[in-house]
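First chain A sits with chain B, and in the next complex the same chain sits with chain C.
Right, the complex of A and B next:
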């Protein structure tokens, strides 16, 4: 990593820097809600809360909204008028993501930003966004990014990475041309001294090595999942699964959606909404046939999709170890335990 | 950037009721703009998303041939729980609906070239096979393929769709047509019994031949071994799958079988390909 553009600011000056950004960008950052934080548009730099490790919801809704109008229509049977005009997305900064969430965005890119059938509204949102990531200097109890081959200072998906130095200062490093542009607009003096650069490298090193768990071997796991598809491995966890879909809605990489029409009289709109493979209706045919009729099949689909099918298709597991599904599952289904059990499983 | 979710608006030119039960209708759709028909460039086996604005979208196989220059045809069965299929059945000629596509892969015409072709259809799933046969029988295409044998079955004579067209094929020297019904009536003169039994009885040669198979799951399940017994290897038995879909473009995550999406990797698969996938369809 080239550090010639490293900026150093005292932590207490962060709100002023965000205010500077606000004059040119919409800024979305973690803000306090009840006893948690979520990504919201801020109007002042002092609204940002960077204390909690992860927000309750992942930031995926900023690229892939929970519900989104695809187009509007007016119809009188003979004549139909379509209005494909999409929401205008002004330049924005997504500030204070954790490295896991930034990495997850690169996975969504593989699904939506494709050569053919490029998903227009996703790409427009993505292009308008500069991602400023904050490396983690402590881990939540549910964090397991290192199991997925990542680490608390991973820069994948980030345009700028911020690392907290031990003396209450922040080291700010642009990583892409978008990141450099941000630092031109919301300018900070290039002030890093040689000891600062050393402190930055040390902080990154410390974060990268904060957790020593052994990463999964994605290819080996994918091969194993293929061989145990019909085994008794799947006979247990589904029994307590409530099919609530919380894991899929909180997951920063889950991207399944439904398309539906909403209409009243002669006008309406076609929308897409988040959907979940945990639901029985997800695969139900109009004929009544359902390829995944019971919850066992659906939980298996979610694990297979993340740790086998995406490895076949995109060459990586679609899990970043953010831990949201672990901490919010109402019946304590723990994906970390499932991964451990998978690695240990000897049946077939 | 073209928006993949924005449909063409097309007009229903003609609606034909295809069966005695009156729950299968064929819709002839025309584009208001001839250029759009040219853009809608498809190969038999592909599907499209039909939509009635206000009701929603449904993936339906294309039933006309790409060489039918003036219109695109879809045959739709109405299900009591099917919101879009019911709305489509309530449409009248002249009405405007949405069309998005074409999507998916198609029957392997490169692989079929010069070979004898055995086509096996059942019920209303014969739609993309009808597209294929119209295409193969076209005077500009027919000489590129060998003998064509077509098996088609339904429960009763009244449930056979495309009745007049298939009768006209039966008069042609360049295609063998074998119709069968599970329950014949007094006027029925062709085969009776289930499709796989008729395939076994007629026993089309498997040398330098390829079989296309599309029908209800139970028919497909028993016709595959019948074709294998005749010497067709799994690589030479081609079938087409249905799956609940929304986007049609490999994003909404709904129609996967293992790591394959039926919408972009299918709907056409060889039996050899399907044997490698989880049996979850």
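Right, the complex of A and C next:
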């Protein structure tokens, strides 16, 4: 990594830097809400709360909103007028993402922005956004990013990475041209000394080696999953699954949606809402037939999608180990445990 | 070390399964995080040694009975959980004869949010429960906290210290019904202006992400097709607009009138900390004040929404 652009600021100066950003950008950052934090548009740099490792909701809603208006329509019963005007997305900085969440955005890119299909709403939001990531200096109890081949200082998906140095200073490193542009607009002097660069490299090294857990082998896992689809591996965890959408809605990579028309009288809108493979309704056919009639099939689908289908299609597991599903599942369905069991499973 | 209740639970469960008196035991086992527990489904008597029972066992297991109507089931039930069972029997959702209720004593269950605030998992080396104390070991040493300081909100005002129905008592408790008015907070809210109540409701609802964890954790929510999932006709919008979210919750709560036992499963399941009990409590209070009815009290009494009497109060009719 090139460090010639490294900036160093005292941690206490962070709010001022954010205030500086606010004069040119919309800034979205973790802010306190109830007893957790969530990404919200801030109006002042001191509103940001970077203490919790992960926000309760992942930042995916900033690119792929829970409900998105695709277009509006009006009809006089003879003809239909469409209003395709989209929400205007001003240039914005997504500040304080954790490396797992930034990496997750690159997975969403592979779904919504491909050579064959570009989802306009997604791409507009993505292009307007500069991602400033804060490397983790501690792991939450539910974190397992290293199992997914990542680490607490992973730079994948980030335009700028911030690393906390031991003496309450922050090292700020632009990684892309978007990141360079941000640092030109919200200017910080290039002030890193040789010892700073050394401290930065050391902090990155420490974060990268914070957890020695063996990463999964995605290809091996995907192959195994195809052979155990009908096995008894799936006979247990589903029993306690409540079939709620907590895991999928909190997940930074789950991206399934449902399209619905919300209309009253002669006007309405077509919207895209988050959906969840945990819901029975997700696969219910108009005929009444449901190809995934019970929870066992639905939980299996979630695992197959994340650790088999996406590996076949995108060459990577669609899980970044953020741990939100692990910590928030009301009945302790723990992906880490399922991965361990999968690796150990000998049946089939 | 195993508690007497756990020992008895394991013995009774193994016996019920090996004598084929039941096909399935629904109980609790250790989870993957700290001292956490989770629902367990045991069919093989050899696996009953996994079963645990302690103040972390908050889940109301009766929600799972809907999936096992074809089986003879033994279920572990705390006193308040037995009220949900009464509701399901009243509403003919379960056959009393195919159910074996293993009643466990309860001193109140621990609120996972309070526990997490006191002992964040990443800073905690070990957690243990000894008598009425939680022992937290961190890098800075040992800390003892009385369990009563960590109880779920509903447990702090609990009056249900005995099971309403049971087949086997796995232990007894000396717990006395709380004297605090469980509806105190609700009465304060009810006294406020409609504007203030509306603001309170909007603030609470704005946390909701409509994941339906509340609905799915609720033993009384068992409609084959929930009104929110119906598409012909479609009853409500499914966007994240606050009004759609509110209509879902209002409709569900109205459906809970005379049925909600206040077990708190909705609150425990919610990933966003939405306090639905504030509003379901009002509905329970109304059922009490209008119909002198407590959901889950007596399997022989018809719930107010299932019957009509000329003496029913009608102040609320327009």
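FYI, the second predicted complex is superposed on the first by the 348 of 348 C-alpha atoms of A that agree within 3 Å, B and C clash if a C-alpha of one lies under 4 Å from a C-alpha of the other, contacts with A are read in each partner's own complex, and residues count from 1 in each chain.
By definition in this document, a residue touches a chain if its C-beta (ideal position, glycine included) is under 8 Å from a C-beta of that chain, and two chains touch if they have at least 3 such contacts.
It should be emphasised that the depicted structure is a prediction, and the values quoted were computed from it without experimental measurement.
In the superposition on chain A, contact is made by A:260 with both chain B and chain C.
Residue contacts after overlaying the shared chain place A:250 against chain C, while chain B stays out of touching range.
Judged by the touch definition given at the top, the superposed model places A:78 against chain B, while chain C stays out of reach. Looking at the shared chain after the overlay, A:331 reaches chain C, while chain B stays out of its contact range. Contacts of A:227 after superposition: neither chain B nor chain C is touched.
Of the two partner chains, neither chain B nor chain C is touched by A:191. When the two structures are aligned on the shared chain, A:315 is found in touch with neither chain B nor chain C.
Once the two complexes are overlaid on the shared chain, A:120 sits against chain B while remaining clear of chain C. Annotation: chain A residues 258, 260 touch chain B in one complex and chain C in the other. Every residue of chain C that touches chain A in the complex is listed here, in rising order: 31-34, 36-41, 59, 63-64, 113, 117, 120-122, 207, 209-213, 215-217, 229, 237-241, 268-269, 271-273. The residues of chain A lying in touch with chain B in their complex are 70-71, 73, 75, 77-80, 82, 84, 111-112, 114, 116-120, 123, 229, 255-261, 263, 268, 270, 272, 275, 277, 282-289, 291-292, 297, 301, 304-305, 308-310, 312-313.
By the touch rule above, chain A contacts chain C in their complex via residues 33-36, 53, 56-57, 65-67, 138-142, 236, 239-240, 242-246, 249-250, 258, 260, 262, 271, 273, 276, 279-281, 326-328, 330-332, 334, 336-337. By the touch criterion stated above, chain B contacts chain A in their complex at residues 1-7, 9, 51, 53-58, 79, 81-82, 85, 92, 94-98, 217, 242-244, 246-247, 249-254, 256-259, 278, 280-281.
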